[in-house]
Structure formats: structure tokens, C-alpha cells
Amino acid sequence: MRVPHLKGIVAAVAVVALLTGCAAQSPSPASAKTLTVGLTLEPATLDLTTSDAASIPQLLLYNVYETLLKMDSTGAIRPLLATSYDVSSDGLTYTFHLDPRAKFASGAPVDAAAVVSSINRMRDAASATLQSQMSVVQDVQAQSDHTVQVLLSRPSNFWLYSMTSTPGIIVDPAETDMATAPMGSGPYMYDSWVKGDRITLKKNPAYWGTPGRFDQVVFRYIPDPNSMVSAMLSGDLDIMGEMISPDSLPRFADTSKYTVIKGTTNGEVVLGFNHARPVMQNLLVRQAINYAIDRQALLDTVWAGQGQVIGSMVVPTDPYYQDLSGNYPYDPQKAKQLLAEAGVSNLTLSLRVPITPYAPPAATFIASQLADVGITVTVEELDFSSRWLPEVFLGGDYDMTIVDHVEARDIVNFANPDYYWHYDNPQFQALITQADEASAADFITDMEKAAQMLSQDAAADWLFVFPNLVVARAGISGIGANATSLSFDVTTIAARD
Amino acid sequence: MPLLRAAARRLAIFIGTVVVASIVIFLIVQALPGDVAQTTLGMGATADAVAALRERWGLDQPLAVRYGQWLVGMLHGDFGSSYITGASVVSQMAPRLAVTGWLVGFSVPLSLLVAWPLGLVAAMFRRRWPGAVVNALSHIGLAIPVFFVGTVATIIFAVNLGWFPANGYVTLGTSVSRWASHLVLPVASIVVVQACFLARYVRAGFIDVLTEDYYRTARAVGWTRWRGLVRHGTRNMATSLVTVVGVQIASLLVGAILVEQVFVLPGLGTMLIQAVQARDLVVVQDVVMLLVFAVLLLNFVIDMVYMAIDPRLARGGRG
Amino acid sequence: MKRLTVIVGLVCSGLVVLAALVSLVWTPYNPRRVDPGHKYAPLSWTHLLGTDMQGMDTLSRLLVGAQTTLVVGVLAVAIAAIVGVPLGIFVGMGHRFVGEVVARGMDILFALPALLLAILLAAATGASVGTATIAIGVSTIPIFVRMTRAATLTIMNQDYILAAQVSGTPTPVIAVRHVLPNIAPLLGVQAAASFSMAILAEAGLSYLGLSAPPTTPTWGRMLKDANIFIAPTQAVIPGIAIAVAVLGFNMLGDGLRDYLDPRLKEVR
């Protein structure tokens, strides 16, 4: 980091005046190669077996913890700790062949015993999401030093996919404190955490594969959009990992200084309906809401036109994607007509949204457009973890809400009637189970049918696909365009200078 | 020794107040809806998982037991452990306290340093243009929200001029110069507003002096107005400023949250907001208690200082 | 000078009141209606103060925002005065032990500033203009208690109070008939000062997301939501509005005090 003269002078004055004799300057950090990345949400804990927060895999997945298989930026499954895998013809037995070179940062080998203990750790996790993702696993055994066999209770396309994500990470068996000292086999190791400010990773000097390019990687947590942009513009950050005020993108138009990476994520921004509410059980009302909202205008207004309108719970990088965005064109007259047909008048709905960069402005927009068709919307902002989760997600106290569902292939949540939308459609549930157990080709057609069913039933209003927007200073390369996993993957990033 | 007795009585009252405050804080914090186990588990929470985690973290104990443990722990310097990470609160709070401490520690003396001459000028020339200008400036400075001052300062000095980092924090141990450069804009933003606030007190204090007999006497024996004001005024004000500065420190300890948010500083305020959001109630309790204790202690110390200055106060005390 | 202070105070606070009144009957546009085609419109004759990220008319939102500003100020001061003034008079006229208990209680309350209360309140019931107002009001109580008590003490030795006490007039009657009218002017000054502090505090709480929801047009919220890089005027406009309101009520209070303070008159 450069220190301009004035800064130095002010600093010197301050120090001399108020801290005489207290000079403990450490060796200049300029000699160490540092990558500074700005992110928005700081995790409360690093233990991903107790917490579902996406901020934990964002930091640790692939960087610190590795998985047997990895999802690359195009959405394809690639080898990582396992060089290959075999599936039995009945789809019940998976055999993973581990890379014999692989070892943890602690020096211990990533052998079959370590993989078995890690998979069991995930099966016994406190997080119900992990438990359910691992529920199809019946048994896991070491066949030899470098071969692991996993036995499933039924065939599952989703399970193999989940092994590229949090459920599939391989934790060092010596790990005792995942909350504050994660131990994995990745090219970077956990170093330190200044709560409320930054988490620092350092290079794993004994990494078994291609080593990381930086001596340390600093993740700074900046929740306020203006502060994030300031930090990038003032040169404090090398990478703005999440562009949370896309309106500000024109400030980074100078290509000699910045690279703007635009791609897609697995996140569907969903205007969710509470199907447990009688009024929301009415298909005409749900369709009316879909017709009443101009999604392209919403995307242009709220997220600077970045992203893409979809029409169902499927993102363009999914293999079974089809464009359903035209199913409910913006038509307020039609919406009014449907509401009249449904015999609903003077409708008042609550729209309780978590405090995120996208949800409150989207809520403001929706409240205005629904007011045009005669629906009164009361918007309420809730802190995500302390209020939205207990009240909306678990308590079901809402009519509508807006959330970016970041998990890959999370269309399956509509098949769970206990999930917070309370969408209970036996036909859809049967279709999803059929798809999960189907052959690769049938899987695609079944999933396409499922997505269409959701759209026709107006099970929700899918507002847009959350874009992956990353700004890097010129000279930084290797950032994946699409965020297909939850990880902010720094393993491929390099700096020219 | 009536003075000593009065001091002892004050001390007893102070301790009693602290204990009452701790009960009030404990009850308020425990009454917050939401649950740390639930918020930690996130979208994967189920009733069973929540209950298991609660048990693991000792949250199933009765209220009185937990209060007792908390109080006794604090007396031993043990503020408990965060539910979520298991790390001791003291170890988490110390670095946060340091950040807020630096902010307040630099801002208060600096704003006094700025306010004193401003107030003097405003009082001296209170019916001429310098007084009017200072007066108007202090009014305007007081009316602008501190976070707005901070945002504008960031744009000018960090984004456009690039003199200082826009936000964030570097510890003193990491690099002294980077530590200092990260503190310049936050401290300056506080000083701009606080100096305006203090300047008005300084001005009022000096104007008070203008009406006092000793000032007129001094003038009569040939002292200049400056000498009279500076000599007598400063002494006169020292006592009333003790209270004002005390109030200022108290309000800054919490008020620094705004500046911490603008400049993304990991201070006590940010810690409190994060802990409330995670429902990590042990941390919330400890931070609120620390802030309240600091203010009560400040009050107590000011009382003692007054008593030392003017023993008559030993009887009645301040209002 | 003194007159100028009052005039500036009256003009600024008058503007705020006027804006609030006008917004009750008329705004140029619907302050809650989005206009996707007119995002961040510059200042022009169609949109005098431009539009925000949703294409909403800023002037309309500013006018409506004045209502919230005034309501928060009035209610916060009312809460502080309704609790603080009787308590202050009671303590000022009454028993030393009760006085001590109230004073210590106020010490605790004083140590819980509006920000802290608002964070805890918002955690308990969710953030709204209401919780912000209550937090500001409650945290202002100690100021009113101390001021009222001090003012009451200074007049307790006055002849008319002593005469009333000797003639056996009940204490509550003395408080209402003799004490309150005599300290009322001072209360007015305090109310104006607290009013401006309340407006500033609400802006701060809005900035932290502890006050109005996004659909409610308030000045603090407009300032918080503004994109300072792309449309800086959208941050400056509510900033100026807040400053004008705070300045106005502050100067009004100052001017009033100067008129009431006999000692200051003497030196002039």
C-alpha cells in the first residue's frame, strides 16, 4: 500500500503527540503479496456444521476446505480431492478414488479414513440442511487407503451435486474447533479474524496442488453499498467481490483502472407467497400479482438492469433451463380483471423482507405497482437472522417476502410442504422424486416439466436471477465470471504486479 | 470527617446504582424475542436442532441462575463466552474497546482544542462579525448529521484526493502509520461536530465571566479584556466544562456507532449491533453493561471532583 | 444579533411546518409511486428536485418527509415532558430520599442514550418510526427532570410559594398554580432544543436502519438510501432539509433563552 506524504505527516504528528515512545512498527507489509477482497456479510461463526449462513462457504469453500469434486465456473463437475469416481449401475454405490498427493495443511494425508470421518461429521451435523442433504447416505466405508465407497439408500442426482458444496467438504480429522479455527486441505489456511472488520487467510506453504499466488488474502466485510464503493474507488480493495449498488457501475467504466466481471449466480430473487394464507391459495390472486409486476422494469430500477428475468425457479446455468419469463407479461388490466374474477377487493398484504441490498428497494417497487391494481402492500424490513428467520421463515408470519435463494438447484424446496412457502402440490412432489432417481436424460425432461408446472401454478413470482458482479482493479485476473458455487473462489486469482 | 463520610455514602450509592442497572439490563436483554440457537442454525433450523444447541450452550438454565452466574463472573473479570463461537467476551471486547477508545480519546481533547479559541473569539466579539461568524458556523455544524459529515469527508479526502483510506481499520500493532491514517477521517468528522457543540459552552462560559465582579475589577485595575477573559474565564469554565466533557464522553461512547458504521470501524458499537442481530445475548449484555457502567462511573468521578472543589456540595450533590 | 437568531429560527422552522402543511393537501407527484423510466432524473422543471433511484419525485418525498420530522419531534418532546416535568417538580418540591432515588434512576436512564435504547427496542419489536420516537423521547426524560428540578429549586424560596405553603395549600395545587407557570418559559426553551436534537437523532437512527421502512418517505431514510456517487444531489437535498430543521428549532430555542435570561441582557 502506498503512503502519500501528507498521510505520513499526519500519522507522524498524531503518533508523536499522543503516543510518545509507543512505536512498534512491524516489517512493512508491502513485501508480502496481499490480495484484499471486499465482501458484504461477515459470518457470525465459521462452523458450517452449526450454521447455514452462505457467508461461511463464501469464505472457506475451495479456499480453505476442499471437496471431493468441484463445481467450476461453467457449472461442470470437476475432480478435486477425488481424481475420479464410479457409479454402480443401480445408482446406489459411489466409489471415489482419492488423489494420493492430497494432504491437509497440517501435513496429514487426505486418505480414505479422513474422508469417511468427514462425511460422518456432516451426517451428524446440527444443521438440518446438511442432515437432509446427507440423508440419502446409508453407509460410507474406506475400501483402501485411497478409495472410499458411499452407499445410498436410493439413487439421487442431487446428492452427487451437493458433494461439490458444503456437504462435501473434507475436514482435517484433527479439527477440534470449526467455529474459530477451520482446518482443511486448500491452498490457503485460516490466519486471523478481526471481528467486525476482516478475516485473513494465509498461503498454505505445503499445498499439494498448484499453490496460491498470494501470501495472504484479506476479506474485508463492508455492509454499506456507498462505503464499499468508496473503498474500491480509493484503492483500499483489489477486488469488490459483490457489487451491491449496481447503479454505481458507471464509476468503474475506466477499463485502464478497473475490470468489471459480469456473470450469473445460482440465486433466484423470489417474491415468495405464503400458501398457508387462504387468499394466497387462490390461483387467480397469485396470477394477478404476477401480471401486475413489470419484472424487467423492476430489474432496471432496482438492480440497474444487471441480471435476467426468468419465470421459474431455474437459473440459466442449470442444464434444464428454459425461458419462461414470457408467461406473465406486464398487464395491470388483466391483473385487475383476475382479482375481480377471484372476487377479491380491498386486498391488503404484508410484504416482510430481510434487510439486504436488493429486497427493500424491490419491495418499494412492488408496493407501488400492486397499489396500481388495488392491492395495498405494507412493507416491513426485518434483520435477516434475528427477525426474518424466526418470524417469516420459521414462524410463517407473512403474506409475501423477497429472498435471493442462493443454493444451487433449490427448486426442490417447492416439493417440501413444510418449507416456508407451504406450497403443497403432490403432483410436483412426485415429479421431483421421479427426477432425482431418473437417468441423466430423463432427469432433464422431468425437471423442465417441474419448472413449467411451478410457473403455470404461479407458485411464486420469480423476479430475476441475481447477477454475479465483481469489480477488480486492472491487473487482477482469474476471477470466474459465474458464481456457480457458494464460494468466492480465490484459488485461481492472480495479480500481474 | 463529614467529607469522607459523604464520599463513602456516594460510593455506596454508586455501587447500588450499578447493581440496579445490571438487573435492568439483564432483564431487558433477556426479554428480547428471538433465539441465538435459531439464528445460528439459519434456514436449516428445526425444533430438535434448536433445542439441542440450546442445551449445549446452557441456555436451558433458569433466569435467576444465569443472572447470578453473569454477575459473579463479572466480579471475577469473567464476562462469559459468546454462545456462537465460544470465545470469551473479554477477548472479543478488548480490541473493540480499543477502537472506540482511540476514537473518543482523540476526538475529545482535539475538539476542546478547537472549541476553546472559537468560543473565546465568539465571546470577545460577540456583537461584531467574528463573533457572528463563529456563532453561525457552530450552529450550522451542530445541525449537520455526523454521518453525513463522514460520508462527504470520505468522498473528498479518500475517493477524490486519495489522501486517506476510505474506511476500515488497522491495529496499532500491525502498522503505526496505517493505524493513524485510518483514524484521521473518523476523528476529524467527530471533531467537526463536537467542536461546534463545545464552542457554544465555551462562549457562554466566557460571556458569564463578562458579567462577574472579578472581571470588572480586573478591567478596572487596567487588565486588557483578553487577559481578563483568558485568565478568569478559563478558570471559571474549568469547573463547568468538567460536566460538559463528561457528558460528551458519555454520549460519544455510544454515539461513535454512527461514525463506526460510516468508516466500517470494528468498535463497540458495531460489535453491539452485530451481537443483537445474532442474538448473542451474553455479548449484548456485556457491551450494554460496559457502556452504562462507563457513564455511571464518569458521573461518579465528576461528583467526586466537584466535592473536592467545593465541599459544600458534599451535603446536597448535583441535581 | 439576538433578533436575527430568532428570525432565522422562525424562518427555518416555519419552512418545515409549511412543507408539512402543504404536503397534507398537495404534492407535485405521488410520493410513493415508482416511475421506472425516470430513474435519477436531474433537477428540472418537471421534477424540481429530481428523482430518486425508483424514479420517485424528490420534492414530493421531501414535503411528506417534513410531516414525519415534525411528528417525531413533537411526540419525543411530549414523552420527555409528560414524564420528566411532573417528576422534576415533584423531586424539586419534595423529599430528599425520593429525590435521591429519582436522581439515581435518571443516572441509569441517562446512561442509556437514544441509540442504545433504539437498538434494543428495534430488536424487541422491529424498527419503525414509533420505536425511534419512543427511544428518543425516553432518553430525553433525564434532561427534562434535571432542568425542571433545578428550575423548581430556584423558585421554592420565593415569597409566593412560601405564602402558599404557610396558608396550607396542598402541594399538588402549588405545583400546578405557582410552580409550573413560573418555569414554563424555561421549559419552552428546553422543548425547542430537545426538538432539534430529536430530529437529528431520528436521522441518525434512520441511517442505522432503526427507524422508518423504505416505503415511508423520511429525510433520514432518503439520505441513507441515496447513491452518493451517481446522484449526489439526492443525498445533499435531505441533508440540507435536516440541517435547516435542526438549525431552525435550535436558533428558536437560543433566541427565546436570550430574551428570558436577564443576566445576558445586563451585559448588552
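Note that the chains are named A, B and C in the order they appear, and that numbering of residues resets to 1 at the start of each chain.
Just so it is clear, a residue touches a chain if its C-beta (ideal position, glycine included) is under 8 Å from a C-beta of that chain, and two chains touch if they have at least 3 such contacts.
Please read these numbers as outputs of a predicted model, since none were measured by experiment.
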Among all chain pairs, the one with the most C-beta contacts: A-B
Of all the other chains, whose mean CA position lies farthest from chain C? A
Counting in whole Å, what is the centre-to-centre distance of chain B and chain C, each centre being its mean C-alpha position? 22
Could you grab the centroid distance between chain A and chain B? Build each centroid from C-alpha atoms only and quote it in angstrom. 38
Need the CA-centroid distance for the pair chain A / chain C, whole Å please. 43
At least two other chains touched by the same residue of chain B: list those residues. 33-34, 151, 155, 261, 276
Residues of chain A engaged with two or more neighbouring chains: 226, 233, 383, 386-387
Overlap residues in chain C, where contacts from two or more other chains coincide: 123, 228
In the complex of these two chains, what residues of chain A are touching chain C? 225-226, 229, 233, 245, 247-248, 250-251, 294, 297-298, 300-302, 355, 360-361, 363-365, 367-369, 371-372, 379-383, 386-387
In their shared complex, at which residues does chain B touch chain C? 13, 16-17, 20-21, 24, 28-29, 31-34, 126-127, 131-132, 135, 139-140, 142-148, 151, 155, 207-208, 210-211, 250-251, 254-255, 257-258, 261, 269, 272-273, 276, 288, 291-296, 299, 317, 319
Touching chain B in the complex: which residues of chain C? 1, 100, 103-104, 107-108, 110-113, 115-116, 119-120, 123-124, 146, 149-150, 153, 196, 200, 203-204, 207-208, 220, 223, 228, 235, 239, 242-247, 250-251, 254, 263-264, 266-268
Which part of chain B faces chain A closely enough to touch in the complex? 33-35, 38-46, 49, 52-53, 84-87, 92, 95-96, 105-106, 151, 154-155, 158-159, 162-169, 171-181, 183-184, 261-267, 270-271, 274, 276-280
Which part of chain C faces chain A closely enough to touch in the complex? 32-34, 36, 39-40, 53-55, 123, 126-127, 209, 213-215, 225, 227-230
